[in-house]
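In the two complexes below, chain A is the common chain; its partner is chain B in one and chain C in the other.
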Partner chain A sequence: MAASVVTWAGLAAFGRACGRIRSRLLGSSSTLSPVSCLHTSTELNSKHWERKNLVVYPPQQKDELRRPAEIYHCRRQIKYSKDKMWYLAKLIRGMTIDQALTQLEFNDKKGAKIIKEVILEAQDMAVRNHNVEYKSNLYIAESFSGKGKYLKRIRYHGRGMFGIMDKVHCHYFVKIVEGVPPKVEQKTGFDQAKEYVEQLRNRTIIHSL
Partner chain B sequence: MATSICRTLKYLQPTMCLNIKLPQPVFVPIRTKKRYFIPPAVNVKQKSQSEQETKARAAGVVVRQQYIERAINISCTAGIFDPYIPPEGDARLSTLSKEGLKQRTEQLRQSAASQLAFRKIKDHDPEFSTKEFPALAQQIFIDAHAALTQFNKEKLHSLVTERCYPEMVRGNRYKTLRWRFIESLEPPRVVHARCPDMISKGNLYGQVTLRVHSRQTLAIYDRFGRLMLGDEDEPRDVLEYLVLERHLVNPYGRWRLHGKIVPAWAPPKDPIIKTVIIPGPTLKPEEAFEDLHYQVPKPKAVQWYK
Partner chain C sequence: MSLSGLLQYVGRSLQHLELRLAQAAGFDSFGPALAVNGPQILPQSLHSSDEENSEPSFLDSIFWMAAPKKRRTIEVNRCRRRHPNKLIKVKYNIEPCPSCGNMKLKHTLCGFCYEKVSKETAMIRKQISVMEGGPLNTPAVESVVLYENETPSEADKDKRIVERNRKRPYWFNM
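Here is the complex of A and B:
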């Protein structure tokens, strides 16, 4: 039996690595601060999505930057698969609202029509209730799908065998923010190669002359 | 995922001694055990309402009686009865000029109906006096608006009637209001009073109109802390006609703010800071909006109360 030496430093590093893996798994689409990465809610902030519209911020001073309006909207128990819905949600992430609506209008999937309705509802809500000035001055900050409650049915096979068929449902969540969408920096291959070479050059060689 | 149904039956064979009857063990056939879940059938025939009702009654399902109720509030009236019509140019003329003096003397001599109303109010409430009431009423007004900024529901309900409360509060739940009463430019005056009775003859409510000329600041911030209306540092001169009401017959009744009268000649309010689309005419494909020369309809100058 090989003797394994476990140090406290090793254990701490292991714990940190676990936290990072967990945070990467959890926060794929939501932007979380480093502190909240450690223990977020279980269903990716899905139950409280409607409640996020009820947050009131204190009045801003005259010299502060104007806070952009954020509107949260969702639709529950859509008769569609969450995996199929994910493709559409990923498509419109980061687009302006007009661009997203155009893309969804000419997309052939069933979920596209539903997402378009949701976004139009959210836009209407924004202009009426949340003091958004221009309805085109919005962009999709977050958009993702979640699993809804499944109904179970019997699928009959031959020889008296059966399977339990899931009637899939999904939820769709969207967060719309006022303003121009942030520009995502496109990294070229050359940049990545340059970074790699820099990393190699920054290595320190320990225990050497 | 396929699961095979077990077809084997377990049973015990009796022993070869036919005369001795050993006690037979009780065997539970496993084949009849329910191993799967069948949700209620989806493709049921749509029955008509009466058939469904008979089926439900046969099954013993009782549907509770549905109460269609609508709450009636008896502690305040639904509006302002016989509203005061403020004379034009009320705060425009200075009191020292001849026209101003004439207006003031006219106003001081109130109409007979108001005097009658005052007498009726004094019958039910001996502490009421036309001289002291304005100061009290102004304090109620200031307290009510301060409670509105803090959104103190209980205090607001005690200072404001149930008719006025939704008008004050609607839409403000997720907004921040900052209101300050700086000073009163003229001492508040009682200008009008009425004593309507609701439903039955003796059920008296007293409504008194108060004229308040004061300086106030108001700033409304939306959910995100951005300024929607007004300015916190800029005081404005405001002329208001407040209506206070009290249920006179009720010994625990209190004078509460019931509404405001906005005269027909009131200057238009400031627009909100954001741009708003006014719905216009629907265009046909060949038309252009500029060629239509569409006139935005202006609202009629009518006195209204809120």
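Here is the complex of A and C:
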């Protein structure tokens, strides 16, 4: 979990091991050819989810279906646990934006207020920058949380023991799409069982007569 | 086997395994050590002599605490964490407030309407405190709140009048 009880000796050994690993890595990278490390990151501060908003598609043909507008938004380094945030992200997946906002408004968790702000920002961005006509005609296509950078602190135990406490942070990502949310078919247990039996029946025996 | 012999054996085995816990009564500074769970050493067997030899070691196990046998895999953890009874339930008792249009819970007052009323009440209370000046100066009569361009009516003859410098809010009816 977040805290672990260690001894002084253990920590010293860990430090020595870290030094050894670091020197080994440095040693190995100097012998690698230049082609094999291709970590090309363009700008210093641009992360993937924010860059998805910059994608520009070529103009559509007359007979093509209208491509629904997609808006990507996120908030980084929120002082909250990623596991607790996941429950809220799971709650609003697939809902219309208004339904998601009402559910978050009446939820008592700390992350609910933060997610509500993020979604309102995204809605505003959609109307201003992404050519969305009606601000209610949006739904949450994707919503999930990720681990942010943790700060480490010391938690004091008895008998001179200490543990390392993690000050948890998380990121929250949301993708909002214009239009009516797609209907997700609810599969019953009976349907799943039927599918399984069909899969078993469709198997063929190779190299048989 | 005698009871005292058993106790002596137990004490010695605990001593053998955790030397520091054995000297908890008179704590010698051996420095911080790995925190191991175990019971307090029995006082008799602190200074027991080596009379009997080692007993079979299964007797140790009675005194140890419960510990997980195997690491819980992420699949098992996910089944527990994502079980429907742990997911947040969708609330179906939300409806729009008839007066302001914001959403509210069915059995609760609308937050927006409550906020606007409480703000006006705070201004009225501030006015009253200005009128009274200090604590314990409340007159023994009723109070009535009058807004701009309002005169006290017949029923308000004996009441204390609290003036507010704004027009009457639409929701504050007599």
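We take it that the second predicted complex is superposed on the first by the 158 of 209 C-alpha atoms of A that agree within 3 Å, B and C clash if a C-alpha of one lies under 4 Å from a C-alpha of the other, contacts with A are read in each partner's own complex, and residues count from 1 in each chain.
Keep in mind that, in the parts below, a residue touches a chain if its C-beta (ideal position, glycine included) is under 8 Å from a C-beta of that chain, and two chains touch if they have at least 3 such contacts.
No experiment lies behind these values; they were computed from the predicted model shown.
Once the two complexes are laid over each other on the shared chain, residue contacts for A:Thr188 go to neither chain B nor chain C. Of the two partner chains, chain C is the only one that A:Asp83 touches; chain B does not reach it. Once the two complexes are overlaid on the shared chain, A:Ser208 sits clear of chain B and of chain C alike.
By the document's definition of touching, of the two partners only chain C reaches A:Leu91; chain B does not. In the superposition on chain A, contact is made by A:Val55 with chain B only, not with chain C.
In the superposed model, A:Asn107 makes contact with chain C only, not with chain B. Number of chain A residues touched is higher for B, counting chain B against chain C.
Of the two partner chains, neither chain B nor chain C is touched by A:Gln199.
In the superposition on chain A, contact of A:Ala69 is made with chain B only, not with chain C. According to the touch criterion, the shared surface of chain A, contacted by chain B in one complex and chain C in the other, consists of residues 157, 160-161. Against chain B, the residues of chain A that register as touching in their complex are 54-60, 66-70, 130-131, 133-134, 151-154, 157, 160-164. Note for the complex: chain C touches chain A at residues 31-35, 81-82, 86-88, 90-91, 94, 103, 105. Looking at the complex, you find that chain B touches chain A at residues 1-5, 36-39, 42, 174-176, 178, 219, 221-228, 274-275.
Here chain A touches chain C in the complex through residues 5, 7-8, 83, 87-88, 90-91, 102-103, 105-107, 109, 157, 159-161, going by the rule given at the top.
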